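As written, the chain order gives the labels A, B, C, D, E and F, with residue 1 at the start of each chain.
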């Protein structure tokens, strides 16, 4: 059992058609994995939205989560910068411990 | 006006009224998606079988060329009107224009149904024209946008996937080809689902679309009166052009009306996701509201009878 | 007893057995929801078309008044029994009472099917009575609860949305009106989905309801023997009252039975969400278990034949 | 080769091509699940009604014994080949072997359809054989695995739930029994959904399976050339054994082919979840890829015509 | 890019029919947005539940998430107090960093 | 209102057919509840997956969340150890505050 402290869980609320770009960015930044979760709707400065599968997901969002080590996380956030405005991303960063069988959240670790 | 009292339209109105009244009536999203997939399968098969029966004719070729031309030219016209009168920036104008150049499968299906019920069914090959008209406008829209911004698709791959490989395009085209292959006889065992059930399931889908359209209008922001006006003027003008072109190339009344409906309609299934990817800084709420919440209901209720009337005049 | 061997009931039993045996058989939730929306559409349309054919009669008016009266009075009786014999506090008693005053669309549909198969179809207008009986009990329940607690709906708006604008009420009423408008001829093209497919889809839905009801009973807590007893006595008593009233106002056997079924049945589609909103401190597990896991299976299997027997005696 | 051009197969190919081309075409998961539940209900009912008509015959008994024997023995053979030639460890070999010993309902249904269309319909009781063959292989697989590892199901309860109480087994068996009870007459009112609609919905499901199978192959890892080869050799060998056994016990051509299809097919609905539970350290991606992405498409397109040909030779 | 530290992510597990009341409360407390996510089921002192769309969501729950600044968060929690018992809410509060293009999680901030 | 600080929110990404075993383990460790949430897909060292309901959920995952007090949490994590490898679990532990009407996240608490 490996418990890795001080990892960063980065959760990104992103429009459904755009999540693959976030993934590509994350995988480049030494992330070794991600998980996608569905949403039902929400509201923010850009208005209200609800999940709707008819319009090809143009108005729907998903939560993209990746857990990274501190340093990789900050590089990833920097890489996200140009997308923040254009894609209307909502990003939260939480400090977590990760428990896995063998390696840690990033491949080049302990 | 008879057609306004068909169950299909009445269910659409029921959905819209329910959403306006803020009823909690709602279809689960997977069901909406499944119904739209079903309709595309069914209409594709039907088109293929009709063309298998009649063969590839010059009419088909003419209509295809006309459809392609319309879907490339309409976005250009709408783009400049949206920039000028509509006061949109280049990116948003291009994104909206792509929607109007492309077509709404559901509007076409509803129109097809109404025309068939009125005894002037459009030619089966119009379903091939429908498939052809889905994607060119996306490319034209991106070229128009490129004049105003530096952002582009990250890879040609993505553009390909979002245009010719878009789910609805693949399903429509694929079913069309299956229809061509199996023909009338092969269709028989599957006809109960794809033909007999069509009308009823279309009612359920339009009930759902009424809910979605009205809900979308309630969420709409940045919708100026000018833009709403354009979302009604565009279908009227493009529909009239469609009628003129159809009459000019010698199509019959039903087929001419179908071409007009294709020209007049705005996509809300294939194009929005493509635009979200290609022009992420465009306002998705804006183009969804215009195409789904204004133009679609307009065409379904008022537009189709008008284009039918015009086609009868011109042909 | 024949009716117990109809596919509809057998599928219900299959679902219940599967859930009791803890099989992992389960319908995706969106499908359950879609099936229930479909059934309400279909039954609404059917009612509208029947009434369009026969016109508004005094029978219809009498049945409507009787239905309304029952749905207002039943909650009062059940409330006091639940308070006394059932040992519930005022809030929970009121919430449960509202369910019994309202109606179960699915029980009605199953009964309707069984009666039609037995050659004594209820009058089409009973579908209008069904729609009328869905919501008054919610209001009566809230008034009853108000005697025991200070909590109330935060806005009249919410109450409106959860009663007359409740999704199932809107869909049932809307489809009924569409049925009235389109009549028998307009119904024809959509009949394959809404009529021919009805029985088979009802089987699938009842399979699912069997799963849900049995699963609900396994999750049930706070279900005392007294309450379970009441969940069987209530439908028997209310069903008998329904028969008496139906016979008194001169309805035929099938229609009287239908009124009895409405009186006997307890809502589990429209009322629970309304109660969760209006009386959030009531125990949702309790009223869902009683109406869905006890009364519903009882009515489907044993109740309906009893009410039919009683109606035959009394009419 | 005619059968390769049936709509059912064409839709499967369309789905596979769409997924290979990385189209975003996808069915919502609840719809896939619902379609598979529907197909199991429909095929179960059909089997029950056919057996109700013909009674329990010695043929049925012989076929049942043969089916049970095959489903117990096939995993043993495949296990050792997977260990040796396939180079898998005991756990993975056992998990994969269980899939090949069990059956694929969808392959059976597609084969049944094709045989019926070709005028050599299999006996109705083969649907009972199908149900019987679903679970024994799971138990055999676990026994085989136990030789190589200490891990076991945490409780016999879980094993029970994942074998005889597995959702698809319960639904198939339950519907079969309902079919037995209601017989041809009771089936009539539900036939439009369970019979008339069957072919069309099967098309939609196979479109979806084409998408899933191709997507699965794109995700596949640890798939060596040796394993892919085995996933084609297994159905060929098991199908041939099925033909031999069917001919030996005196079944007709269609029924022999059906037995061969059952032997040749590999489960991907009932067994995977059971294996995930019972042998969690086995690689789920591996057994899903082999059964769903290699063996299933092979059987659907090439295998079934081969088994039909062999059965015609041998019977 | 604006990185705001010490924000509070408040996640509320609430019965589906009741989420709009939580939203109204949150929006009053200077929240500038929220996101809704679906659930499959759960168990607690009030028993077990599973998602079920037939009964109008009376037995289903959703996760309502809103990110607020520290002070707004504690005002929001106070405002939730009367609902905690009646609605059977389960509330967790996590300290997170928020990364957005321009403003922060509450409109009246830096 | 009870606000309990320093609780541990344990989120476990687990294959759909296996979540009941995690629950049994959690309930044994003095957890007084859990919540299940759906996922859409993901990727890690064991490859990519997407939600698929046809194959009985063998390839699908769910997020199992339980909030525990610190000491119960570490006992729970220890009990999970043998499952980490075999089940391919991805576990994250976050420090949260829990707000409930009456008791705290574990039944034997303040």
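By definition in this document, a residue touches a chain if its C-beta (ideal position, glycine included) is under 8 Å from a C-beta of that chain, and two chains touch if they have at least 3 such contacts.
Every value quoted in this text rests on a predicted model; they were computed, and no experiment measured them.
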item: Steps in the shortest chain-to-chain touch route ending at chain D and beginning at chain A; value: 2
item: From chain F, the most remote chain by mean C-alpha position; value: B
item: Chain at maximum distance from chain D, centres defined as averaged CA atoms; value: E
item: Superposing rotation of chain B relative to chain D, computed on C-alpha atoms, to nearest 5°; value: 120
item: Chain copies touching (chain B, chain C) - same or different residues, decided at half shared; value: different
item: Separation of mean Cα positions, chain F and chain E [Å, integer]; value: 20
item: Centre-to-centre distance between chain E and chain C (centres being mean Cα positions), rounded to whole Å; value: 34
item: Whole-Å separation of chain centres (CA-atom averages), chain C against chain D; value: 40
item: Of all residues in chain E, the ones touching two or more other chains; value: 37-38, 53, 56, 85, 94
item: Where chain D touches two or more other chains, by residue; value: 24, 28-31, 33, 162, 166-168, 192, 197, 273
item: Full enumeration of touching chain pairs; value: A-B, A-E, A-F, B-C, B-D, C-D, C-E, D-F, E-F
item: Chain C partner contacts - residues on chain B that touch it in the complex; value: 5-7, 10-11, 14, 17-18, 21-31, 117, 192, 196-197, 199-201, 203-204, 207
item: Chain C - residues contacting chain B, complex; value: 28-31, 33-34, 37-38, 41, 161-162, 165-168, 170-171, 174-175, 178, 181-182, 186-187, 189-194, 197, 273
item: Touching residues (chain side chain A, partner chain F) in the complex; value: 1, 3, 7, 9, 23, 32-38, 62, 67, 94-103, 107
item: Complex contact set, residues of chain D against chain F; value: 29-30, 32-33, 36, 151, 154, 162, 166-168, 208-209, 212, 215, 219, 221, 268-270, 272-277, 280-281, 284-285, 288, 292
item: Chain B contact footprint on chain A (complex, rising order); value: 15-18, 21, 24, 46-59, 83, 85-87
